[in-house]
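The data blocks that follow each hold one structure.
Below, chain A partners chain B and then partners chain C, in two separate complexes.
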Partner chain A sequence: MNILTGLINGMISGATPILLAALGGTFTYYAGIFNIAMEGMMLSGAFFAVLGSYYFNSWPMGILCAILGSLFMALIFILFAVKLKTDEFVTGIALNLFAVGSTTYLLRQIFDVKGAFSKPGIVPIPRLNIPLINKIPFLGDILSGQNMIIYLTILLTILAAYMIFKTRFGLRLRAAGYNAACLDSSGVSTDRVRTWSLILCGVFCGLAGAFLSLGYVTLFSENMSAGRGWISLAAVILVNGNPWGIALISLIFGFTDGFGLLLQQYLPSQFTSMVPYVATLIALYFYSVKARNKKA
Partner chain B sequence: MTKPIIEMKNIIKVFPPNVVALDSVSADFMQGEIHAIVGENGAGKSTLMKVLYGLEHANSGEIFFQEVKIENKNAGEAIARGIGMVHQEILLIPEYTVWENIILGEEPTGLFGKIDQHAAREQVKSRIDEFQFNLDPDSKVEDISVAARQKVEILKLLYRNVSVLILDEPTAVLTPQEIPQLFLELRRLAKNGKTILFISHHLEEVLELSDRITVMRKGAKIATVDAANTSKDSLAQMMVGREVLFSSQRIEQIPGEVVFNTENLSFRDANLRIRLENVSLSVRAGEIVGIAGVEGNGQLELVNCMMGMSKPFQGKIVVNNCDLTHAEILERRRFISFVSQDRSKMGASIKDSILDNVRMTHHRLNPKFTHWKGLLLNDVYARKFTAQIEKAFAVVMGSADNEFRSLSGGNQQKVILGRELLLDTPFILLDQPTRGLDVGSIEYVHETILKMRGQNRAILLISADLEELFRIADRILVIFRGKIVADLPVAQTNIEQIGYLMLEGREKINAAKTD
Partner chain C sequence: MQRKLISGIAGILIALFIGAIIMIAQGFNPLTTYGALFNYSLIGLFPLATTLRNSVPLILTGLSASVAFASGPVNLGQPGQLLMGALFATIGGLYLDLPPVLMIPLLLLLAMIGGAMWSGLAALMRRWFNMDEFITTLMLNMIADFLTYWAISYPIFDKTAFSPMTPQISTNGWLPVIGEFNTNVIVMLVAFGVIYFVFSRWTAGYEWRITGQNSIFARLGGCKIDKNYVTVMLVTGALAGLAGGLVVMAGPHRFLKGLGANYAWDGVMIAVVANNGLIGTLLYGLFFSSLQTGALGMELITAVPSEFIQVLQAVIVLVVVAGRGTLDILINKTISRRKAREHAT
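Now for the complex of A and B:
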C-alpha cells in the first residue's frame, strides 16, 4: 500500500512541472509559434523562485519572482521572434542556452556556491491539508496533503481548455496558428495574439519552475529543469495541443519518473534516469506511426 | 437618378522606383449596380481596388464614399466604413465551421469572453436566409466546395454589414457549373442594394453579369461603358489596344505518325478508388488533341501518370515507340514538354530567379548548361538562353536575376512555355495553359501552340475552356469519371454536344428520332 501511494504521489509531482510547462506551450502551439523555449523559461523560473523566497523569506514572493523571471525570457522571445521576425527555432535554442548560462552565473555570483544552493532560509511552497478528505484511508493520502501548486495546476488545466476552446481569445488564438493571414484580414493582429500566447506561456513556465525549486525540492541546482521543458514540448506535439491529452501524457511521464526512482534499487541510477527520455522516444515513435496511418 | 456611392478622382499610384500602376484614374460606382473592372494582367485593376480597400495607398487623388472624402489606411478601416473585398485566394480556416469563420474578429461574447455560440449561429443563419445562400452554418469549411467557401467569404463581409463588395476574379476558382449560381446570388445582392465591383478578364462573364464595365489598360482608365451597349470584340480591343483574333485561323494539315499513346492506363488512389479506367489515347505528329471534362474527372491523375508522379497499376505509356510507363521523371522529360496547370507550385519555383527557372530541367538534359559534366552550372550559357526566350517569346522582364514571381501572370506563362518548348521534345503536354491569363496572353499562347503543331509536334491539351478547345484542337476527347467517353474530330461536333458529354458521360438520346 505504501509503495503504491508513494508511486502515485511520485507520479503526480513528477507530472506537475511537465504539465504546467506543456500547458504554457500549448498556447503558443495553437498560436502557430514553434516554441521550444519552455526549458529555458522553466529554469529561469526555478532560479528566481529560490531567489525571491530566500531574500523575502516568503514563498508567495518566490512564486512572483519565478513568474517575472520566466516572463523576462518570454519577453526576449517576443522581441526577437514576433517583433523582429527572427527564426523561432534559433531564438528558442539561444534562450535555452542563455537560461543555463545566466542562472549558473547568477548562482555563483549571488550565492557564491557551485552546483546547488540549499539553505533553510528558502521557504518552500506549503502543502495543503484538506480536512475530512485527509481522513479517508488510502485516497486521503493522495487527494489531500499535496503541494498547493498541484491543486492550482488542476484548475489551470481546466482554465486552459476553457480558454482555448470556448472563448473569443481561444478562437483567435487557434486562428493565428491555422491561418495567420486569415486572422489578420479579419481585423485581428496575429502578432498581438501571439504575444499574449507567449506571455501566458511565460506565466505557466514560471509556475513550473517555482514548483521545481520550491515544491518538488527546496533548492536550486544548475540546469535543474533537466529536459522537462523538452518533454513538455513532446507532450504538446503528441496530442496536438489538447490540454486533457497533455494532462494524460504528463501523468505517464510522471509515472516513468517515479518508476525510474523505484528502479534505482536494482539498476545504476544513470540508467534509471534515462527512463523518461526513453519513454519520450517511444511515444514519438507511436505518434509517427499514428500520423502515417492517418495520411494513407 | 441614382447617385454614385463611390467616386474615385485622379488616383495616382507609383510603385518605386518608377512603375506607374495607376495614372490619374477616375471612376464612379453607383449604389446597387454590378460594375465590372476589366483589363489585362498588370493593367492596374487590382491596384485600383486595393487603393479603395486600403491595402495600397495612393500617391495622390481623392476617394469619396457617400459624398464624404475618405482615406482607408487599412482593410479594417474599409470594412468599418462598409467596403469589403473577397480576394482571389480564399482566406478561410478549413478546420473551423462556417459560422466560426464568419464571426472571427467580430465575435459576440458573453461572460469571461465566452463566445455566445447561440447568438453567433443565429446571426449567421439569418444572413444565410436573407440572401438564400444555401449553406449549413455548422459544416466545417474543409468539407465544403470551393464555391461554397467563396460564399462564406462573401457572408463574412455581409456579417460586417458592408454595402460595397469587391470581388477579385471570383470565377477563376469555380467550375463552369458553379458560375451561374454565383451570378444569381450576386444579382440578388445587387437587388438588395449592395454595390458589387467585380474584377475579371473573362469578357463573356462580364457582359452577362454586369450593368456597367470599366476598361483599364496600362494603368489608365480607357472607358466606362454600359454592358448593354458593347460587345466582346470592342471590349477586347479597348483592353489590348488592338484587335484580338478570337478565332485563330488554323491551317489544315494532315497529321503524321502516332507519336504518343497510352494503352489501358488505369490508376487507383490511396483509398483504392479507381481514378483512371482503361484510358487509351493517341496523339499524332502535327495534331492537337484536346481533353475536355469537368474538373476532377481524372485529368490530374492522367497528367500525374504521364509525368511519372503517380504510378498506374495497369497500362502503358509510349512516346516514339519508347515505353515510358516505368521511366524516371528525368527520362520522360527527354520526350515530353510539360506545362502544368499550377504555375506557382509545379510550373516554377517562384521565389527563385527567372534565370534559375529557365534553366531547370535543361541543366540536367543539355550538357551546354553545365561545366565538367554537370558539376558546375554554366551561367553564361543560361543567360544567353534566357535572352533567347525573352526575345522569341516576347517576355517583358527586367533582369534575369529578378525573382520569378515579379513577373506578371502572362509573362510567367511565356517563360514556362519557352523553357518547355525549347526542350525540343516530340510530345507536348499542356494542362490548362491559359488559366488565369488575360486575352492578349491567351491569344499569344494559342498562336504558339499552333506554331508547334506546324512544326509537327504532337500536342495534348487539357482544358476546362471549351471555346479554347474548339479554337485550336483537331480532335476532342471527353473524360468522364476517369474514362474517355468520346473521341470526336472538332469539325464533326459542337460545344453543346461536348458539354453534354462532359456532364452526363454519354450522348444525348434524341427523342425525335422515331420518324
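Now for the complex of A and C:
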C-alpha cells in the first residue's frame, strides 16, 4: 500500500510541472505559434522563484517572482516573434539558450555559487492538509497533503479548458491559429490575441518553474528544467492541444517518472532517468501509427 | 551576400552594445571587459591557436545543423550525436592500438559512425513510423546523455578517478600538435571542404537544397526525397559525431562527464544566426569560439563571470536574426514603393 501511494504521489508531482507548462503551451498552440520556449520560461521561473523566496522569506513572493521572471522571457518572445516577425523556431531556440545562460550567470553573480543553490533561507511552497479528507484511509494520503500548486493546477486545467472552448477569447484564440487572415479581417488583431496567449503561457510556465524549485525540491540547480519543457511540447502535439488530453498525458509521464525512481533498486540510476524520454518516444509512436491509420 | 554581411556586422555591434549596457548596469567597465575578452582570444599566437582549436566542435555541429535545416530535416540531435561520436571514438581508443597513421582515421571513422547511428535511429523512426524527427532527436539527446553517463560511470570507468570519466585513450589516437596548433583544425577544414563541395556543387547537394526549399517541387522534379532524407540525417549525424570524436582526440583524450557541454547547442545557434549558410556557419563559429575562449581571460582580468558570454551569445542570435528580418522587410518595402511610384508615372 505504501508503495502504491508513493507511486501515485510521485506520479502527481512528476506530472504537475509538465502539465502546467503544457497548458501554457496549448494557448500558444491554438493561437498558431510554434512555441518551443517553454523550457526557457520554466527555467527562468524556477530561478526567480528561489530568488524571491530567499530574499523576501516568503513563498508567495517566490511564486510572484517566478511568474515575473517567466513573463520577462515571454515578453522577449513577443517582441521578437510577434512584433518583429522573427522566425518563431529561431526565437525559441535563442530564448532557451538565453535562459540557460542568464540563470547560470545570475546564479554566479547574485548567489556566488556554481552548479546549485540551496540554503535553509529558501521558503518552500507549503503542502495543504485538508481536514476530514486526510482521515480517509488510503485516499486521504493522496487527496490531502499535496503541494498547493498541485491543487492550483487542477483548477487551472479546468479554467484553461473553459477559456479555450467556452469564452469569446478562446474562440478568437483558436481563430488566430486556424485562419489568421480571417480573424484580422473581422476586426480582431491576431497579433494582440497571440500576445495574450504568450503572456498566459508565461504565467503558466512561471508556475511550473516555481513548482520545480520550491515544491518538487527546494533548490535551484543549473538547467534544472532538464527537458521537461520539451516533453510538455510533445504532450501538446500528441493530443492536438486539448487540455484534458494534456492532463492525461502528463499523468502518464509523471507515472513513468515515479516508476523510474522505483526501478532504481534494480537498475543504475542513469537508465531509470531515461524512462520519461523513452516514454515520450513510445507515446509518439502510438500517435503516429494512429494518425496514419486515420489517413488510410 | 553584401546584405547578409551588413546585417550580420550591424547585429553583432548592436548586441555588443546591449552587452555593454548590461555590464554598466552591473558596475563593470565594458571597454576593459571587451578588451580583455578579445585580447585573450585573438591577440598572439597561443590565444589564436586556442580559439581555432575550440572552434572545431562549434563549426562542425553548426555545419551539421545548417545542412540539416537547409535540406529539410529538423535535426536537433547534435548534442546526442556528438556524445555518441565521442563515446565511440573513446571506446576505439581504449581497446585498439594501431600506429597513428591507421589509428587516427579509424577513430575519426568510429566517431562518425557513432553520430550517424544516433541520427539514423531518428531517421528510421521517421521513415517507418512517421515520427517527427524534431521531437525524437530531442528525446534521443537526453537518452544519449544518460547512456554515456552510465558508460563512463560503470563499464569504462577509470578506477583511479574520483568523478565519472574513462581512462585516457591510447596515445596513438591523439591528434598531433604542430607548434601551438592542433591538427583538429585540419580535420575540420577537410570536412568543411567536402561538405561545401557536395552541398553546393554536386547533384546530391542540389537535390537536398531544393528539397529543403520546396519538397513537393523536388519530388515532382524526380528527386527521391525519402532516400535523400535518410542520407541528410546520416551525414549530419556523422558531422556531429565527428565533432565529438575530435573533442576527445584533441582535448582531454578521455571522455569526461559533461564533455559535450554546450558545444552542440551552440552549433545549432550558429546555424540559426548564419541562416543555414555554410560560409556563414564557419565565420560565426570562429566568432563564437573567440568569445568563449576569451571568456576565461575576461574573468581573470575583470570581475565579470565567464557565464556572461552565454548571455551575450543569445543576445547576438536574437538581434542578428531579428535585424535580418527587419532589414529584409525594410528593403522590400522600399523596392515595392519605388515600383508603385514607377507605375504611377
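Everything below uses one rule, namely that the second predicted complex is superposed on the first by the 296 of 296 C-alpha atoms of A that agree within 3 Å, B and C clash if a C-alpha of one lies under 4 Å from a C-alpha of the other, contacts with A are read in each partner's own complex, and residues count from 1 in each chain.
Definition applied: contacts are C-beta pairs under 8 Å (C-beta built on N, C-alpha and C of every residue); 3 or more make two chains touch, one makes a residue touch a chain.
Keep in mind that what you see is a predicted model, and the values were worked out from it rather than measured.
Within the superposed three-chain model, A:93 lies in touch with chain C and out of touch with chain B [touch as defined at top].
The larger set of touched chain A residues comes from C, when the choice is between chain B and chain C. After overlaying the two complexes on the shared chain, residue contacts for A:131 are found with neither chain B nor chain C. Contacts of A:233 after superposition on the shared chain: chain C is touched, whereas chain B is not. Of the two partner chains placed around the shared chain by superposition, chain C is the only one that A:104 touches, whereas chain B remains out of contact. In the overlay built on the shared chain, the residue A:120 is in contact with neither chain B nor chain C. Of all residues in chain A, those touching chain C in their complex are 76, 80, 84-87, 90-91, 93-95, 97-98, 100-102, 104-105, 108-109, 226-227, 230, 233-234, 237, 268, 270-271, 273-274, 277-278, 280-281, 284-285, 288-289, 291-292. Touching chain A in their complex are the following residues of chain C: 26, 125, 129-132, 135-136, 138-143, 146-147, 149-150, 153-154, 262, 265-266, 268-269, 272, 305, 307-311, 313-315, 317-318, 321-322, 325-326, 329. Interface residues of chain B facing chain A in the complex, by the touch rule stated above, are 75-76, 79, 87, 91-96, 100-101, 103-107, 109, 112-115, 156, 270.
On the chain A side of its complex with chain B, the touching residues are 166-169, 171-172, 174-175, 178-179, 181-183, 185-188, 296.
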